[in-house]
Amino acid sequence: MLLQTHEKESGKPRNFVDKNVLSLKDVKKHFEGLKAVDGVDMTLNETEILGLIGPNGAGKTTLLNVISGLLMPNEGEIVFRGMNITSLPAFKRAKLGIARTFQIAKPFGLLTVEENILVGLGCKLHGSISSLFQNCRKKEILQKAREIINLIGLYGYKDQLTSSLPIGLLRKLEIGRALATYPSLLLLDEPAAGLNNQERNELSELVRKIREKGIPIILIEHTMSFVMNLSDRIVVLHRGRKIAEGSPSDVANDPLVIEVYLGRKGGKHAS
Amino acid sequence: MLLNLQDVEIAYGRIKVLWGISLCVGEGEIVSLVGANGAGKSTLIKGIMGIVPLRKGCINFLGHDISKKHPWERAKMGIAYIPEGGRVFPDLTVEDNLKLIASLCKNELNVRKRLDMIYSLFPVLRERLNQKAGTLSGGERQMLAIGRALMSKPKLLLVDEVSMGLMPKLVSSVFETLKALKDSGISMLLTEQNVSEALAISDRGYVLENGRITLSGNSEELLENEQVKTSFLGI
Amino acid sequence: MLQILVDAIVLGCSYALMAVGLNMVYGLLRIIHVAHAALYTLGAYVGLYCLYHFSSSLWLSLIFGAIFSALIGTLMYRIIYNPVLTAPRYVPLIAGAGVFIASQEIFRLLAGPYPYPFNASFKFLSLTHSHLRITETQMLIITFMIGAFLCLYLVINNTNLGMMWRACTQDMELAASSGINVNLIIAVNFMIGSALAGSAGVLMALYRNSVFPTMGAMVSYKAFVVVVLGGFGSIPGAAIAGILLAVAESLLGMVPLFNLPREAIAFLVMVLVLMFKPKGLFGR
Amino acid sequence: MTFGYILSICTFASIYAILILGLNILTGYTKQVSLGHAAFFAIGAYTQALLVTKAGLTFWSALPLSIALSMTIGVIMGLPSLRVSDDFLVLTTIGLNFIVMGITEYFDFFGGAMGIIGITMPTLWGRPLSTSGYFAITALFLMLALCVSYLFSRTWGRLAMEATGEDEEAAQSLGINTALYKIYAFALSSTFTGLAGVLWAHSIGSVFPRNFSFEMSVLFLSMLVFGGLGTIRGAIFGAFFLYLLPECFRFIENYRMLVYGALLTMIVILQPNGMLGRGGLLDRCFSKLTKKKAENQGIL
């Protein structure tokens, strides 16, 4: 029941040619001369975890912002489940089923854990006039919220204000809040940053569980062991461009990637 | 020991970033601090400079405990900071950027001498004296940032991600410069993502992972170490 | 006509002197310093006290007004703004508004609600032409404002202190780590801005020949408008916009249809500018 | 203190409480700080005054019209919030306060500086209400406002507004159209405030521009911030406490604005969540008590 992938509302038949969940075509995003994302082509398949890695300033988070709609690309096209979403604002993309977490956790600090989840559950309703009158604390809604809180293992903290939670729980909360929107694509931006080993293991358990529910995930991460273990496929970005793509072991042995990460003394970088 | 950190802990608000960091930098030594993004390298550098307050622990510099001192007091004791990404004062001219530091020390003659030294080190800067620093290219800005730090005649240089966003050719020349500076007797603590390049010029290194020091040792040892490779690529 | 223009410019000088302090604080700390208005009134009252109790010299009361305002202004930063620098941006603004409202009451309680006359004797240039009359006071105000801005300009662009100040406005962290005593620069910044506000208070008290608890209100609200028009953090912008606003107000006041109260026009302009050019007309 | 005096004080306190409940939706939920709420208050009061004195409507027939107009103008005045935020929005609301004051002061239509006088007490079943009758009506409206606020605090709308106020990016990524909710907040807030204005106009019997000055706006915000942003209990507590404080202790009366100003500054620096707000001073005391209970239950 829980975490079914969300059926497309528009009812349009899915484009047959496009079997991918998400495809980016030559996406570019520039900030005053700085090419943060410089022509990235990328696709994401059904039930796949795609790891997105790259050194500092490679444009990973920018790319995620472009996909989730917080930034509009300067050029290129983004197609989500057969639908061109390039110019849709972020809240409409969220309603279509693109959910995300943030690198710097952004909980709603003055709301309790349960209320944070409820905000996510209301995703489809938000914006309509009727949302101003509808009770969000009906039994069945609270029940759904409780299921998600149990899934992320925060039940003991249900009624706490999130501003008082430690970082490890905030990351889980963010994931839970994103799951509450019943996403059909989940974007995770450095979920393991700042976590200790045990927390990280719990987190990767959670990510696996989500994948088993059939939700495709794009994962940005710096902790290599974490991303290498989880991902089915990895895309490496460097200075806004894609420099490698493939299975974790392929990418780890790619000379170009090693060079970018470890550097080579006196060597020439390919760019 | 020039610089000695004991059990340093740093947190942003409620979020802890660094746990029990102890490290030291000796006279005339280059020590590098390597680790993945988000490991807390920059935070540690800022903590040593005094821009970020410590939660716990103490910092010893030249035998004085400086952990309660303001950043400008630390600067006057001889610590200089080269921030990430060539941060300079964009609306001041190149010359003003350099002179600003000089204005803090008294001797006018010394200022001239040091300016000449920096111009000979970075001839490009002499050509752009009256240009606003914000109009410089990334590499030139990085040189200016190094030049600025050298103006105060520091005993210890804190270098944060000097290679980030630089052309590969520039990266090696910047590292050459750092090496030359070391030979003139300046100690350095540098953070790098570019592991092998950093370890190649440094004497010792520390590996920082998720806010903790997991490995330390001589540069050669670290370069050979399998664990370094795994913690960066996770093979 | 020319006479109206001169009167407007004098008024504009007071706006500009107030706005420059606001702008200096905004440029450095990104705080909208509402309590600045209190310093204007404070300056006027201190000047008045000086006049009644020490000597009838205007110069002395001007100096005392400025010094007192400078001290209190710096104190305000330490007590009110320093603890909330990292709080959400509206917090210092609300705190400042509270101080401002409270200060009006303090003046009322200490000195009474009634306006006092401000009779100071001094000698200065004046100009009388067939249609145009610039009184000594007007002349003084205009000279003071030009002098103050010239000094400020020279200090900022040609001295070490000015250079450090500019460095701090651009990157506070970097400035601190290059050895600049940031606390000192902030204190000096508040001192200069507050001293200008205090002296503006004394001068306008002289011009209007009255001192009363709420005298600061209108001028300082106008100073917000000036800051918005001139661009946040821009000092020459404050000077130009201050005078422009006063002139525009006077001229529009003569058109029958636009005979709205001055502050309504000013704030209407401010809201429109904020909406369409959020950084201000001359803002960077 | 006579009984009539106490009644009239309670009437005013209730009116302020309704207003602060409205301000709470705007400033407490969406974190759009308004230092010009007296303007919204003025619109309700002036509309009612005009409708009653000039158009000859009764209290009851004018009430819905005034509230509807307050809401409409509230939405229009909320439009700048789509372009400016944070402290710039605060400046804008201060500006709106002065614009509204200027307009009412200048145009003869609004009675100019002399204001509008002769607003009679509402009638019920053909007879004008007494002071106590009017208090009953006000108290009834306060109850209504409380109920609506409470019900609203349980809706999706309030959640979305709080999310918007806390973090716009995160809110948008959860499907919330933040711009729309900012305007909703203005609409709801000005409805409450308009109602308060209407009640106020009748209880005083006249409206003057100076009744809606910037100082009043500061008072309103002090009440809310003192009680606690974003909570109904805080809004009610702040309004009653700060209004009754000078009324009960007459020696404070002289220092009223001083107390308000100083309290506002101190609270916002030392207790940004207010006395009764979430995580506020009194709230923590209460939750300590309740937490002990909860732990005991856990053991059992």
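Labels A, B, C and D are assigned to the chains in the order they are written; within every chain, residues are numbered from 1.
By definition in this document, a residue touches a chain if its C-beta (ideal position, glycine included) is under 8 Å from a C-beta of that chain, and two chains touch if they have at least 3 such contacts.
Since this is a predicted model, take the numbers as computed values, not measurements.
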**Message:** Can you tell me which chain lies farthest from chain B, using the average of the Cα atoms as each chain's centre?
**Reply:** D
**Fill in**
CA centroids of chain B and chain C: separation to the nearest Å works out as 42
**Message:** As a quick test, compute the distance in whole Å between the mean CA positions of chain B and chain D.
**Reply:** 54
**Fill in**
Rounded to the nearest Å, the gap between Cα centres of chain A and chain C is 50
**Request:** Indicate the whole-number Å distance between the mean C-alpha point of chain A and the mean C-alpha point of chain B.
**Result:** 34
**Message:** Among all residues of chain A, which ones touch two or more of the remaining chains?
**Reply:** 164
**Asked** Could you say which residues in chain D touch two or more other chains, in rising order?
**Response** none
**Message:** Please list each pair of chains that are touching.
**Reply:** A-B, A-D, B-C, C-D
**Fill in**
Residue set of chain B touching chain C in the complex reads 49-51, 70-72, 74-76, 80-81, 83, 87-92, 96, 99-101, 103-104, 148, 152
**Complete:** Listed in rising order, the residues of chain D that touch chain A in the complex are 151-152, 154-157, 159-160, 162-163, 166-167, 169-178, 180-181, 184, 188, 230, 273, 278-279
**Message:** Touching residues of chain A toward chain B in the complex: what are they?
**Reply:** 55-57, 164, 166-167, 190, 193-196, 222-229, 249, 252-253, 257-258, 261-269, 271
**Request:** Going by the contact rule at the top, pick out the chain C residues touching chain B in the complex.
**Result:** 160, 163-164, 166-167, 170-171, 173-183
**Fill in**
Listed in rising order, chain D residues that touch chain C in their complex are 31, 33, 35, 80, 83-84, 86-88, 90-92, 94-96, 98-99, 101-103, 105-106, 214-215, 218, 221-222, 225, 254-258, 260-266, 268-269, 272
